[in-house]
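Each of the two complexes below includes subunit A, the first together with subunit B, the second together with subunit C.
Now for the complex of A and B:
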């Protein structure tokens, strides 16, 4: 039998075993936590009986419903502000002769790598109603009693969130604009459309999907965001879904209620992404032809200074001012006393590095958790992307679907799923490094996957086929040909996952134990104690680590590795 | 009054003049091609006509009104022209109908008239059944028709086409060539057509302006351009030819000592000159043909079969000349064979 058929079976490719291993890994990382989350939401605590009681509890109080409504409003407001901030910037950088494009680019990058909770702390120092810098200056200048701005408000919170979300809009919209050939606009010009008409009727509608997409993405990130709502919202008595979930985790931990309460987040996310797909289904939004894709800059005349002023203002609000006050506070004995020599001290840093019992441990945890999860995500993503793109297996698409699924799962929901699935018996992983690493890897798998996909698409299959016809096996060909070609872009993906993992708070806060706290969690704990000088110093250390990694990435991978659209 | 006049039109980037003192006049309803190799300045010239590029010197006027002069340029949107781009540039977010209606809506025409004219136009380009499709759902040729419809429906004063067929495959290209000419015959819109493909220019144009290195070398009707090239560049760029150094001695045109008969056509003075002799101006015979035309004894040196014709290289007796001569597929002659070469002296063109 085997002799009559030049057996495909006898030469079963090792890829088959790999495929099974990958399926298992993805089930553990993605499918099991989600399934468990759903199951737990219908179970009685202790007994495990089927019940709807959790849902009744989760939605039975006005306070919980208010939190849900607050989250939705906050998401919309933050997304709207982000769009308003970023679209003019993206248009200016991509299509016009505005000066200072490098500066704008640096602003976006800086706002992007700055953890949102650090920005929130910076803005508490800037716009706290009593001692915030802006209000101090305002009172000194005008003699007024009332503060000029108050960060402890709903709009204040939305604004701070937007200041660190707008880079997503910028990246999406700019890359969409970059794809539009100038001829699209020329065609409108010659038919009688001026610069503004053309922008309104042709250019903006063409990037509408990217605006909508980034709006939805920011909405989703905001409703799943824990740090800023916890730091600003709790003192301001504004309850949102994430802070409410956190309260369900306070003793006694009510996972099943939290699970029931988290389900709408999941449904909203899945629903919105479906809506987005539907809205954009038929229209094409990329120009159809490759040739004639020349891009020229729109000449703005004096308007270019107006746009530059806009970018400058965003830079001040999102990066320069918060960083300045954080830096000042980190070197100050008491931040409210301002810039003076007798207020200067290294005490905060010394305290954290040498005296604090958790800070060095948390720093080390952050570095190695991030590195480990980035490695797991990158390897998994590479293998899955390879199998999916080269169509090596039937059902390869199922793998791809699983790898992308965490994209539509809010991080905080993911964390609760991991808690429900693995924290208790039989595995009892609660508080272990493994649990956090796996959760991070799962959470950021889509980033690594999209990165690998793009990288593999760029390598023509004939590159490998040339190796195989010369006698190399598939895995050998991957190792010798494909992998070296992919090296830089994969490194880029690894670094991006490392950076986002190193500042992740929403997922970590539900999973850490006493010895496995990360810098982000410790930073949040320090904030709760209200010692802003020490918090700022710790934030400074976190930023330093992040900047070092970003610097390495820029050197090895290229300037734009963080800001590519994936 | 001529519709479009370019006079002394120049575009320089620093010391480099990419368009150099171009003069060209188009009559009402005329179809003129700018033909030349890439980098010859034809697209820049077109973009100056459209108002996307400012001239360094010279001017562009339409119906006697100056639209472009150094430092004073009417922007594209106020020129009343339209243009078809290399990438078609049809907007993927609008349906076929919306694309075509765009220019009319900007002209603030009543809704009913827009609808009516769009429908009419789409019928002309045979897209009436696809009016509600999006560009992504159309083939390349159909997208091209949308671009044509969108440009023509506004009844522009001048229609500009920038290599519109270069993204299509060969068969479709041929079809669209005739389509463009058909639409021109129907609407008589004054048209400037930029291309590097001479067959395209020949098939569509009333006149062709051959451009090289920023200058117009010759403007003529397509058949005259072929038969009477005036410069070495035009002779070489338009069709294939034999460029030969000849002499005129006492009224006779001599080619490497062989007489091509009296140099009557232009009453040339004695001395050296350059002539262009098309491969099609020669016929190869195995026996000496009758008649009193110019006949040379020659040897077949090389041959290549090109499908539509043979491409022979022949050497006239007593010379070191190598002439390319074309012959129909069934006239096969072996290499080395002695033949008679009949030369049509009327097709000998003197070039600069």
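Now for the complex of A and C:
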């Protein structure tokens, strides 16, 4: 027990070395690739001379500007739809007596686990203007000519993205809601506020940081998304930043122009985060203290069924329907022929499991890359968040900024930063597992960081201070007091990173080598041909693996992590 | 046309399977044997390919593994432009990962050769290829490994045979609005060749008029086949005959259309990059691709055989009865990037 050792050694806390290592890790993971990106954006290809030409090329065409505008609009729209979908669900599950909470949790989890590109494929099968099941049923029922829904549109794309992003809002908002004790609401009730007024004036404002934070997160996730825009956007003729960046990497690989194209995006998102900080500054959101607090459910009466209906509808759209069509396709010889016994086959699974050269390897890669990067991200994020919130260092804010920074550029550009910094000599990491693990860890550091930050912010330092007063060292106090309090949140963070890493495409697409392809990249390659039967089967395997991991996680941390808190 | 009854059909299938096995086990010649011994020490070969479909590429990889135990083929299948992009990234990073590069866009090889990025090697088996495929490059920096036929096809439930388009210009008729599907020249090498050929034959306005019919744009040239299977679109433009016949064999209502002007023929090479990490295995793979074992494996998935000693696939028109249109490799090198850019201006993606 090093921390409890008496004498002088106690004052020389080993923690200082840890902080230095932490700074070094952040520099390698975040600062160096970003810096390299910035430098490269001013370099002439081949010669490396200083130039502004890349910016002129990157923004010198209407098409390129349109792509930027499309991305920004898409990000806003998807994030807005996600908030609309998720906030009522989070409130209902956390604060009310709505029935079917376990079901709602399962929905959120399933929607979250489902990779967005898989959802996109499911929705192509559902809402293709001519062949989609929904439109076929609609035509058969009404005799109409025109389709009811068309996935190949801007709103269609935003909607599909939101259906797989809303869980982030739900998770953040719900965990914030969980921490608010009913006393605050009771106070409002006593002063004459009804349920709705209380929710509007007291409850929601208290979770405002999580709503805003998750909105920004989804905005940034969306503009970084590559799979869905490639799968739906190309047929819909919508060019976005990521698909445009892809074009800059066509031969000759114009990393310089791509970097220049990405830098203004960086400014926009830095601006967003500044706005977030401004909006939240000088307001207290501490809701978990050393004192106990009671949490009671709001009684909704008949309204609880309305809310349940909402959750049910979301479940249908985000999970049940896409999953059903994907499942059907994965067992079909030809999915367009619908369900019939002579259309059933195991061939798609057999092809992947026994005949495909890369599928087993890619599956294994996905599992261990995700686990490794989730671990790296979770540990780094916890330490950084701790330093920032407890203000242990003068440069703490800079560290926090570095940890959040990966979200200011799309994953695809993050990958290019990594490509530019580490792919070639002297490190020559291109095609190695390490490169992808580091890139994933860096890319998802902000998720882990936001998670740790929210968790630590909600724990009042007084408990830790008590331990410190009793002679505990900093690390010891973290380990014995803070960490146990944060255990479930941290594992939650780890799982979140694992899941998003296991489905990550845009950061992987430029970094994978032939031996390090992940399931997402292989799926993307398979979708090129529109071979939806095999794609669905592979997606099914991916979902099974993720579900197994989540199941193990739930077992380890206890049911209370994933299910409601009574 | 002659009719084959069920028994003959079975006999034919049995013969075909036996013959495939025989080709796979055909004795090695001296160069091949020497390469095999050297390749065994390298252990593996990584193949970037955009030529055969995913299924057929995997089948080819397995055929290679069976013929040369101890050398493993890593199949990295994508569209040709994507494969080329990955190769370019490898070169830029200075990390060699690809042993054999196979693209439908022959222009890639002209460029790579000029940049001194290819290894000179002539497989002995290349002498046994179809005459038109024997010498794609007099300096032997690349060798033919693929003959892809790109034509039109229709969903027979949505469009009758009589009603279906007959020529490449028929699809410009406004009556095909919202009923066509096509790949993307930014991804598919074959679609690049097709767009270039159309521009050459019918003038620069062809693509613009084609766009007015709002074709559904996928990525791979194979994508429209799925769209037809699903009933999303009625007519696939510039689809590969192999994938269409394969889909039809799985019960989809598809029929090939041989346009009156001729089909687009991708006579496509493969090559070994100078930074290939397994140079001997790469050469062995080139022997394999030009030899009978590859053709025997891919013909089962309806791809054209590239050798006269391996029969063509079932269901496709014999090559001597079709007019083959193809831009030269040099025209493709310059023209495909041009037409790709023009496409993006017209289509927006």
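The rule is simple: the second predicted complex is superposed on the first by the 423 of 566 C-alpha atoms of A that agree within 3 Å, B and C clash if a C-alpha of one lies under 4 Å from a C-alpha of the other, contacts with A are read in each partner's own complex, and residues count from 1 in each chain.
Here is the rule we go by: contacts are C-beta pairs under 8 Å (C-beta built on N, C-alpha and C of every residue); 3 or more make two chains touch, one makes a residue touch a chain.
Being a predicted model, the structure only gives us computed values, none of them experimental.
**Student:** If we overlay the two complexes on their shared chain A, which of subunit B and subunit C does A:188 touch? Say first, second, both or neither.
**Tutor:** A:188: touches subunit B, not subunit C.
**Student:** Return the chain, subunit B or subunit C, that is in touch with more residues of subunit A.
**Tutor:** Of the two chains, more subunit A residues are contacted by C.
**Student:** Now for A:128: first (subunit B), second (subunit C), both, or neither, which partner does it touch?
**Tutor:** Once the two structures are laid over each other on A, A:128 reaches subunit C alone.
**Student:** Counting only touches as set out at the top, which of subunit B and subunit C does A:49 meet: first, second, both, neither?
**Tutor:** A:49 contacts neither subunit B nor subunit C.
**Student:** Quick one: classify A:428 as touching subunit B (first), subunit C (second), both or neither.
**Tutor:** In the superposition, A:428 contacts subunit C only.
**Student:** Applying the touch criterion given at the start, work out whether A:397 contacts subunit B, subunit C, both or neither, answering first, second, both or neither.
**Tutor:** A:397: touches no partner chain.
**Student:** If you lay the two complexes on top of each other, which residues of subunit A touch subunit B in one and subunit C in the other?
**Tutor:** Shared contact residues on subunit A (touching subunit B in one complex, subunit C in the other): none at all.
**Student:** Which residues, counting only subunit C, touch subunit A once they are in their complex?
**Tutor:** Those in contact with subunit A are residues 46, 48, 53-55, 58-59, 61-62, 73-79, 81-82, 84-85, 88-90, 92-95, 97-98, 111, 184, 186-187, 216-220, 222-227, 229-233, 243, 247, 250-252, 344-345, 347-349.
**Student:** Using the touch rule from the top, collect the residues of subunit B that touch subunit A in their complex.
**Tutor:** Contact set of subunit B toward subunit A: 50-52, 75-83, 85-94, 102-103, 106-107, 134-137, 140, 143, 150-151, 154, 160, 162-163, 166-167.
**Student:** Which residues of subunit A touch subunit C in their complex?
**Tutor:** Interface residues on the subunit A side: 63, 66, 125, 128-131, 152, 230, 233-235, 237-239, 243, 247, 249-253, 255, 333-337, 342-343, 351, 355-358, 419, 423-425, 428, 430-431, 510, 513-515, 517, 525-532, 534.
**Student:** Where on subunit A is subunit B touching in the complex?
**Tutor:** Touching subunit B: residues 181, 183-184, 186-194, 197, 201-202, 205-206, 208, 282-293 of subunit A.
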